[in-house]
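Chain naming follows the written order as A, B, C and D, and within any one chain the residues start at number 1.
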Amino acid sequence: MKITGIELRRIAMPLRAPFRTSFGVETTRDVLLVRVVTPEAEGWGECVAMSEPRYCSEYVDGAADVLRRFLIPALPAGRADAHAVKRAFAPFKGHKMAKAALETAVLDAQLRTAGESFGGYLGAARDRVPCGVSVGIMDSIPELLDTVGGFLDEGYVRIKLKIEPGWDVAPVRAVRERFGDDLLLQVDANAAYTLADARQLAKLDAFDLLLIEQPLADDDMVQHAALAKLLKTPVCLDESIESAEDAAAAITLGAASIINIKPGRVGGYLEAKAIHDVCVAHGVPVWCGGMLETGLGRAANVALAALPGFTLPGDTSGSRRYFATDVTAPFELADGHLAVPAGPGLGVEPVADILDDVTTSTEWIEL
Amino acid sequence: MKITGIELRRIAMPLRAPFRTSFGVETTRDVLLVRVVTPEAEGWGECVAMSEPRYCSEYVDGAADVLRRFLIPALPAGRADAHAVKRAFAPFKGHKMAKAALETAVLDAQLRTAGESFGGYLGAARDRVPCGVSVGIMDSIPELLDTVGGFLDEGYVRIKLKIEPGWDVAPVRAVRERFGDDLLLQVDANAAYTLADARQLAKLDAFDLLLIEQPLADDDMVQHAALAKLLKTPVCLDESIESAEDAAAAITLGAASIINIKPGRVGGYLEAKAIHDVCVAHGVPVWCGGMLETGLGRAANVALAALPGFTLPGDTSGSRRYFATDVTAPFELADGHLAVPAGPGLGVEPVADILDDVTTSTEWIEL
Amino acid sequence: MKITGIELRRIAMPLRAPFRTSFGVETTRDVLLVRVVTPEAEGWGECVAMSEPRYCSEYVDGAADVLRRFLIPALPAGRADAHAVKRAFAPFKGHKMAKAALETAVLDAQLRTAGESFGGYLGAARDRVPCGVSVGIMDSIPELLDTVGGFLDEGYVRIKLKIEPGWDVAPVRAVRERFGDDLLLQVDANAAYTLADARQLAKLDAFDLLLIEQPLADDDMVQHAALAKLLKTPVCLDESIESAEDAAAAITLGAASIINIKPGRVGGYLEAKAIHDVCVAHGVPVWCGGMLETGLGRAANVALAALPGFTLPGDTSGSRRYFATDVTAPFELADGHLAVPAGPGLGVEPVADILDDVTTSTEWIEL
Amino acid sequence: MKITGIELRRIAMPLRAPFRTSFGVETTRDVLLVRVVTPEAEGWGECVAMSEPRYCSEYVDGAADVLRRFLIPALPAGRADAHAVKRAFAPFKGHKMAKAALETAVLDAQLRTAGESFGGYLGAARDRVPCGVSVGIMDSIPELLDTVGGFLDEGYVRIKLKIEPGWDVAPVRAVRERFGDDLLLQVDANAAYTLADARQLAKLDAFDLLLIEQPLADDDMVQHAALAKLLKTPVCLDESIESAEDAAAAITLGAASIINIKPGRVGGYLEAKAIHDVCVAHGVPVWCGGMLETGLGRAANVALAALPGFTLPGDTSGSRRYFATDVTAPFELADGHLAVPAGPGLGVEPVADILDDVTTSTEWIEL
């Protein structure tokens, strides 16, 4: 498979609800799409970087720069496949989201050429996956309860509440009381706490949570291991895990008993699969996180979430969780599940008109 | 890919040197080959079971019986791929070698259909692999030195000596003294010792061995962990590791700092890849063992041994190590290495005349 | 004691209730009996393998093949006793159920010759043993409650419920609520869960269970040790324990605080006694499991269950738990107990007519 | 102190010897300088990022983009000091080198305004620091010996050899043999090895090295801890330590017994001082690494290296190690030491003409 050219396409996806950032309120999700062109097929990859380096060090414009400047020039000259691409990127440190976008696009082209689906390639064991939803920090408990209720009405089978100091025990208690003990409920701290907050976090033990996600800073597994000993709620790591080595280290240290796998965060689907395999070998459950992906990124995540080790519902929400109109045929919940695409590659295609409408720039790099 | 039928073929490969067993001296290697037929391609798998259950509980006739009675009937009815086959076999306990033979044959057919090589599919990072050789227990030290010298003349880059109580320190010392400190040297105990022999095994610490393989019984990782603390020579596990879960447990316990991956022993190449990934994540080196495979089995092993975590030379010897004539074009050492087959699937074909000559029975199972 | 010949006899025991397998509903228990003939006495051994390798890797036809092909030829040539037989089998890996059947038959002949009972030989401390019963997965809770009620009416002193994902907390709660807090109640998962299910299994902590048996895969003690820390219910191992070394390892790792001893699973009564001794030394309670044995196998189990370390009631049910007619005089509960046979050897004899009725084949091997 | 504007200046410093990169041979060091202007004083900060993200994820153009896009807009609006700047940057993940450059420039302006030196502010305990030198990988041993000899002639008191697989034991042995046992000698692997290379690295134990720096990948402390147990040579971490939390974790895990502090790598001199304090508290020696700094960056490093915990000579070489002409008055070795600048702030000034000569672009950002 010879890559003849690559398109970097920026799109601005209007969000159904505004998204608060440090620069103010954003009403669109700025996304970088990578399209790999070969004589046999095209492949798509979606870069999950946000517009600012707040979740991790990557951001959309930076990822585009790294792709243009280092990763695309480093692509194997001859026959490219995802494994070869991954190896070619190894000398460059970090920039996992940029790498993942390009590697995924290559893998998509490769699988479309072979007529194989992402799910088939990765070893998906199911044809649909149960879906959870992530609920942001709200201005009030009543607003939160309304929102959660709405998601449950849509069929979501698991609720994740974002928490931060000042918004933790009270919202969790309110949701548990309103929606009962059978609700699958978990919380995500996005590294907003310190080990000094262990006492406060231990108060969450009373609410039978599935897990607490990334309570402490992303670069400190030793402190997470210390915290895990102080909590009954299982500790799940997200930002801390950027590779299979990180997963192995976290398990060895007891820093995590559950891992959230986001392929973009770990450099692509090959590494995501390796992390899955490491976790399964250790009996550590995994689930698939989300980064406000469009249908292109969502398709691959849903395929990944169908692997046997994904024993917890993921943040693989339907398209309308974030977008009124998706760039692909929308992913829609049926009985709280999303169907795993079965067609070649991602199994979804961008709808040309819709894609053009949201495109803010394109850049063609001839190889 | 619809499987239309399966052939179980027994062959008797004349050995270049007689092989001692409890029943006397064997002059042939009894091998079970599995041929999967689909409309698009055929695939081959070689069962590595020996004729008696001395290495593990499996043996050739038993494997054939399990294939016929349980595994072939359990094949997915519709489109079969290696992942689906692996899942379908999961309810049956043990019988990893039988499972591996059939799963490999399916994978070979699948990859030949897709035009992809085993190496490409698994993520091989090299186009040739360095080769070690395993040297059996000899009647005398001089005979051993002659044998080792002969293998070094052939270009082998690493020597493995089989050891047992009464044949350990002396032969290792003799080989080290004759061939010098730069020789890559390791030993394989095939579970012949007990923890009570730790003092004797510690005497091997003086000889700068790469590793000691499977010193204790295969089912006791706790004792291996205890032994590892008493030795400087790194402990490598072989028979003890039948799954990625076993590898994870061994690493967690400190029972092994190196792992020998034999795809037949672990149920196939998918599990072998998973074990590789677990070991890489933990920084544990792996290498590829051998089970007197013909060229068909050897081809897949050489592809596996080209993965990046295989940082130690394997027992991937040339065909003539065991056989005057191989059923495929012979694997031949060049500068101590074997080339990784690049063609679709295994990348090798049985030579019809040769295969027929050694065939002792065939059985066709229409699906 | 010179063995002059061995009979392999297959019998089909009609089951009182149909038994569900992957091949459909079985109405008979397919059993392999081994009869050892010496000039002085005959001895019987019952192979506990099932017809498919789903509980462990052994199955009836496979066990027969291994006996015929490897174990019988390996019998000591001269005077045979159980210890010598056990040593002679050691070079063959696995096949514990086949080994146990033959070793037991030899031991029976040896004890009958000496006029000593199994109980006397093993060190039984009681003349009767309390009996529990194992209750399969039912179609409904009411059906389960009826079944349990019936067993309690028969006098069983302990109830074991088989559980699997989807049939765990609800049936346990129902039984506990219906039959009260004094009922001795335990559950058996037969390896149907993963460490990812720890949260669900922890819900069983509320029901004051004696133990949870084999929750995870049989080959992972490290994960069982991790699970044991997350549960209040004591973890008992069954399939994981195939030798005294396994028992020692499990205890060392904290993978089990109770062990189910099945002589067939561990290779015979000598090894079963050794496991008992290791557990007593560590203060770990044991109990005797069952494998749908006929009266011949049951007799030896009841003798074993009379050893002092068997401080929990076993699955040593009465004959009518499974069979309308047993091949021996039936074992019948008296006040919830079975009497330990006191006669030489097993202390029971097959009833010729009944045995002939259920026999499907016999094979005589002259030695 | 109100910042009125910031200049981003790119300079191309001609190197005395060409520097090999993946893009070919570079003859200049591309440097980003940050100049902070306040009514009272100007301050300089040097960004140590390289032109490609091979040492870490940062690179010069990327750092400039992050400064322009996120860090400069995030500067505290009112009175700025280094502490406030550090806090303002905390919400942005990563980008430590970009942060360090701007924080250092602010600190320089702040200290010049206060008339206080970097050394005085940080707590320097000496007025000169002993200097080591880092020696790259050479084409041959004789060339290496010549180079080391030359540096020793210049007065360097400690030699650091860069190593990589294939260039490790031989060069170390040669240097040790030529220059004797009293030479302070250490090696730097820049993450070029894996845990699988432990055996090879252990061969360095024979040469009485001060330390081995960053043998394994930067993101795996657990594997460094495992390696440290296998080596006698103390393990020092460089790339792995990006914060005081990282240092604490490494010490807790036994992953490092010595730490190389590079202020650019850890986000600035405030964090560098904190790491020093943590290490002193734990009795862990530190030393100051280098990143081919000009005199501006070097000045601050020399001040830091004068702190009491810096008990090992740093890579604080003289200007002429890399540059024929420095942008400041050159740092020159006297008796193997560099003098700690005593004037306000950095204590050095760029020479206008020289700076202009090497400037490739400037960008003024009015605040």
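Following the convention adopted for this analysis, a residue touches a chain if its C-beta (ideal position, glycine included) is under 8 Å from a C-beta of that chain, and two chains touch if they have at least 3 such contacts.
Small disclaimer: the values here were computed from a predicted structure and weren't measured.
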item: A-B compared against B-C, more contacting pairs; value: B-C
item: Same-site or different-site touching of chain B by its copy chain D, using the half cut; value: different
item: Remotest chain, chain A as reference, centres from CA atoms; value: C
item: Averaged-CA centre spacing for the pair chain D and chain C, given as whole angstrom; value: 68
item: Cα-centroid distance, chain B relative to chain D, in whole angstrom; value: 48
item: Mean-CA-position distance for chain B and chain A (Å); value: 38
item: Distance between the centres, which are taken as Cα means, of chain C and chain B, whole angstrom; value: 35
item: Overlap residues in chain C, where contacts from two or more other chains coincide; value: 220, 223
item: Chain-level touch network, classified as line, ring, star, complete or other; value: other
item: Full enumeration of touching chain pairs; value: A-B, A-C, A-D, B-C, B-D
item: Touching residues on chain C, where the partner in the complex is chain B; value: 22, 52-57, 59, 61-62, 65-66, 69-70, 74, 91-95, 217-223, 242-243, 245-246, 248-249, 252-253
item: Residues of chain A that touch chain C when the two form their complex; value: 210, 234, 282-285, 309, 311-312
item: Residue ranges of chain D in contact with chain B within the complex; value: 194-197, 199, 216, 220, 223, 226
item: Chain B partner contacts - residues on chain A that touch it in the complex; value: 81, 83, 87, 114-116, 120, 123-125, 243-245, 247-248, 252, 270, 273-275, 277-278, 280-283, 308
